[in-house]
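What follows is a set of structures for review.
Next come two complexes, and both contain chain A; in the first it sits with chain B, in the second with chain C.
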Partner chain A sequence: MSLAPSSAPARMPGWLLILPALLFLVAFFVLPLIDNSLRSFEVGGEFSLGRYIQLLTDTFYLGVIVETVVLSTAVTVICALIGYPVAYYLVRHAGRWSGLIVFLLIAPLLTSIIMRTYGWQVLFARRGLVNTLLVQDLGILERPLQLLNTPGIAIAALVHVLVPFMVLSIATVLQGIDQRLEEGAQMLGASRWRTFLEVTLPLSADGIGTGAILVFMIANGSFVTLVLLGGGFQTLPLFIYQQFTTTRDFGMASTMSTILLVIAMTCLYLQLRLVRRAGV
Partner chain B sequence: MTGLNRRRFLQTGTAGAGLMLAGSPGLLRAQAGQVLNVTAYGGVWETAVRECFVAPFETKTGARATVSLGAPAQWLAQVEASPQSPPLDVLIMSPDLAIVAAQSGLMQDLTVNRIPNLAKIPQEFTDACLGKGTYLDYGVAGITYNKDMVPNPPRSIAEFVDRVSAGEFVASVPSISYAITPIMLIWTMAEALGGGVDNVDPFFEAMERMRDNLVFWGGPNDFFNHLASGEADLGIYFDGRTWNHYDEGATWIDFINPEEGGALTAVAVQIPNNANPLAFDYMNEMLDAENQARFAEIMNYAVTNVDVVYSEKLQARVTPWQQTAFPPYEAIGAARNEWVDRWNREIGM
Partner chain C sequence: MGRFALTAFVIAFFIFMLAPILVVVVVSFTSAGYASFPIPGWSLRWFVRIWEYPPFINAMITSTVVAVLATVLSCLISIPGALYLARARAGWANVVATFLLSPLSMPMIVIGFSSLFFLTAVGIGISMTALVITHTVVCMPYVLRTVIAVYRSVPPPYEEAAAILGANPLRTFIEVTLPLIRPGIAAGSLFSFLTSFDNLPVSFFFASAQTSTLPVVMLSYIENQFDPSIAALSTLQLALALVCLILADRLYGIKKMTVAA
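On to the complex of A and B.
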């Protein structure tokens, strides 16, 4: 009996590896998205732009669209302003405490967003911890402050949820910056502030961009926080929910969600352009 | 639309998904005709449904009932998407959606022949569902208040509006994103203040007067948090849920059915076309006096079988449905979207 050399095993095509993920994405994201878009153009079985015309010409709904973008932008900017110093400290000064800081940053994400939002209610209600402290314990105020159901508290809660995404995005990029570049700038006479502005900040723009995209996208679709904490904001996600629960106008909900998607994609494109223009 | 329209797109997708599932019989009903898919809200509702309806149904029929948790809008959408083979056999519905579902021709007629216990349900409740459903239980949307903060509560909706407007209290009322706000708040308040389903101006004028002293709840638990945390002193809420909180230790809470009559907020039950025939047996269990009495004790809500005998504790809490304001659900359904749009523009979220 002779042992014939076995033929070489057939190599599995590389694309097969991503096939399961691709099928999953197509079945549960792409197809529903297409279906949703088609639904937005269908009125009584006919093709119609009616809902888009209604949403994009009615000043009330235009205001809602603008408010959605402005709120997301404001939250993104605040997250960047708070997140950058934290990320900088984390990478450059925290040393052995960095692990603890990262844990503290991530810890809130381990709790359900609903629980966290209820926590805000407990803290800032009229007889909540903060008002009790100010009125009864410290005697600073005579009457409790109206803190809940104000725009400020809704924005603060959103920032609380989203700032870890910004910090971690920036920290990852800061960690990769060669510190010799900063040292070189200082040796050539640049002050620490100028070094930061002209060397560190531009080199970390990619991290800011990534964080901004993440924060903006999530804020753009944020819902639970605004529903539970109020604040008077009228944003598209709240209206989409209303179309399902109260008016059952699924076509209008599809139209609104398509517009929200276009806004998100446009902002994503602009932010990517901005980051690339920054020279990274 | 010509070419690829939404329906064709969905059909193609469904066919593909069907082919994929064909090889997984375990994902489909293992014993066709012997497994019933019923519905329930989450939390104590689910517990009560399993204990009071599912268990006796399974004992009597030998079939099995699976319980899907969710909300009426979602369940109706599921039936609408697949009317020939509905994924659910018995639906829990809000009264207004029950009418929508009945008018859409998606639900079956209920008859005493098929559901003997239907004879024990007031005809008004079956008529309210156009004969294609009936009511299982009901609550009253009235004034719930914190006894510590409001020792002398308003007895009527008109008084509620006046005193909240004057800044005597902060009130928590349902937001427009809550499904039955058009019924329990807009219509009820309009009716109490001299308007009605054709004229909700009194409601919007009252909201404008109360504006500075209002907070909004997005869901029932939210309301309780408002009262417990002191964010509000009183508000518009359900009797049954109020008593649930009381029994759980919040003995500072109390409820008043306003003099004008709080809105009757019922839970309807319906059977979709092409549902498993066992759905009628299950609904018969849902309408059984003994089962309903146990359900009422758990839920703290009134039930609809006229033979039900409540415990002493519950008897004191239950408001006879004749003393409530029976909303014109069909007319409200027709006006609802206009009211919601007006709310969005005048009051905001």
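On to the complex of A and C.
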């Protein structure tokens, strides 16, 4: 079915064409990850489950894992809540503005992560725009608020990075919904709100699902935002970063990486199942 | 009423999305010696400062070299595979495609951390070679994905006709296939270049005097100082990305590219 059958019958089977990519990824993607996982099972030159036992019994480490999942879940839920109305507007009401909206959604993806965190720092610094507004211009507050290094700003910054993925995933599915179904429900006497809750929302569940897995997956691995904006979170990627830069306990960092990898693979598996079900 | 509330929400959403970015663009033109907004006056001094600060320039060169090499390598290894996978119907081909795209789904910090130890163990260590290899791992899926998508829309008879008329496989590829898949290669290369240029979680582990990329240098700079030169650099980077995007749009049409993405 490739170039090969018609153009080079006997000389070269077509599947050879995938070998460069396949061998490259096995050598420089799979082997490093396996090597890394093996290191997490090795204590003093011998096989040991020690680090995993420590990880799952020590409340500190267990806390890091739980916090990673909780933070990513919270970010995912917020992205869905904010992203859905935007996707709905884009598909149903934007009309000739839809091109602009898509551009505005994609443009932030072109900016570096450092640029965006820097923007948040300028906005929310002690003498930043928000504090100046609240204290000097509007006189609502007596003195500036401590906004940076709070969980709220860190979460907002993560949502800012990830919400476009959610909007685009939901919009793709919304676009495919037959609007006659909604009209039908309304003709049968359902209110707009009820039509939305009982027809549109369930039909777009796959879009929310795809977006949620994508957002969750990326949120799980992000650390630059948390390194720069603080917020007091202790997550797996942040922990790996700290283990590498300061503590230098590479064995523990390998263990944490492996856990993160297992979570990512689970997400990938769920994603594939969802895509297959949607028949894409 | 509901429609009005929805519109207001969408406007608020885009203020949220654009504010942190626009603020940085404005701050990059500040005349002040510190980063604050609103700015007291306009100047280009922070762009001059980038120019006069060697670590930034060196890192920019490093990043460009790595991004170009990683993109070229990505094309070389993934285009052949994409040509096969686009038309393969076998179940295992699907599995292979999923595998070849999987670096996109793995946490980059894990890829970076694991690669550092692995490449050091096999003697490649912290070097430009190591940077190019790991960047290729994370960039290759973009080229693969776009080329598969574009090649799927190319009807097989074009190539069959060339073969019937006596062109050998290489000539068929160069004169028929390649021009047809060029938009896919362009889009994939663009994503690959921008991804590599902006990469921090992988590059971070391979930092040394000779191998620090721009994001790595920016991160260590921003951790110690908060002057507007980072804003100026970010603005330049955004401008570069926009220019690339517009150029690609002019050459191949953004529609073709976003479909492929």
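Criterion: the second predicted complex is superposed on the first by the 241 of 280 C-alpha atoms of A that agree within 3 Å, B and C clash if a C-alpha of one lies under 4 Å from a C-alpha of the other, contacts with A are read in each partner's own complex, and residues count from 1 in each chain.
FYI, contacts are C-beta pairs under 8 Å (C-beta built on N, C-alpha and C of every residue); 3 or more make two chains touch, one makes a residue touch a chain.
Only a predicted model underlies this, so the values are computations on that prediction, with no experimental measurement involved.
Contact with neither chain B nor chain C is seen for A:74 once the two complexes are overlaid on the shared chain. By the touch criterion defined above, A:201 lies against neither chain B nor chain C after alignment on the C-alpha atoms of chain A.
Residue contacts after overlaying the shared chain place A:160 against chain C, while chain B stays out of touching range. With both structures placed on the common chain, the touch criterion links A:234 to chain B but leaves chain C unconnected.
Of the two partner chains placed by the overlay, chain B and chain C both lie in contact with A:244.
Of the two partner chains, neither chain B nor chain C is touched by A:134. Ranked by how many residues of chain A each touches, chain B and chain C are led by C. When the two structures are aligned on the shared chain, A:126 is found in touch with chain B, with no touch to chain C.
Of the two partner chains placed around the shared chain by superposition, neither chain B nor chain C is touched by A:145. In the overlay built on the shared chain, the residue A:190 is in contact with neither chain B nor chain C. Comparing which residues of chain A touch chain B with which touch chain C, the overlap comprises 31, 35, 39, 118, 121-122, 125, 127-128, 227-228, 241, 244, 250. Taken in their complex, chain B has these residues touching chain A: 1, 4-6, 9-10, 13, 17, 71, 73, 77, 97, 100, 170, 175-179, 181-182, 215-216, 218, 222, 225-226, 229-231, 336-337, 340, 344-345, 348-349. Against chain B, the residues of chain A that register as touching in their complex are 27, 31, 34-35, 38-39, 41-42, 45-47, 60, 118, 121-122, 125-128, 144, 148-149, 226-228, 230, 232-234, 238-239, 241-242, 244-250. For chain C in complex with chain A, the residues that touch the partner chain are 2-3, 6-7, 9-10, 13-14, 16-21, 23-24, 27, 35-38, 76-78, 80-81, 83-85, 87-89, 96, 98-100, 102-103, 105-111, 113-115, 117-119, 121, 133-134, 136-137, 140, 144, 156, 159-160, 163, 168-169, 172-173, 177, 194, 198, 200-201, 204-205, 215, 218-219, 222-223, 226, 230-231, 234-235, 237-238, 241-242, 245.
By the touch criterion stated above, chain A contacts chain C in their complex at residues 1-4, 6-8, 14-15, 17-22, 24-25, 28-29, 31-33, 35-36, 39, 82, 85-86, 88-89, 93, 101, 104-105, 107-108, 110-116, 118-123, 125, 127-129, 156-157, 160, 163-164, 192, 217, 220-221, 223-224, 227-228, 237, 240-241, 244, 250, 253-254, 257, 260-261, 264-265, 267-268, 271-272.
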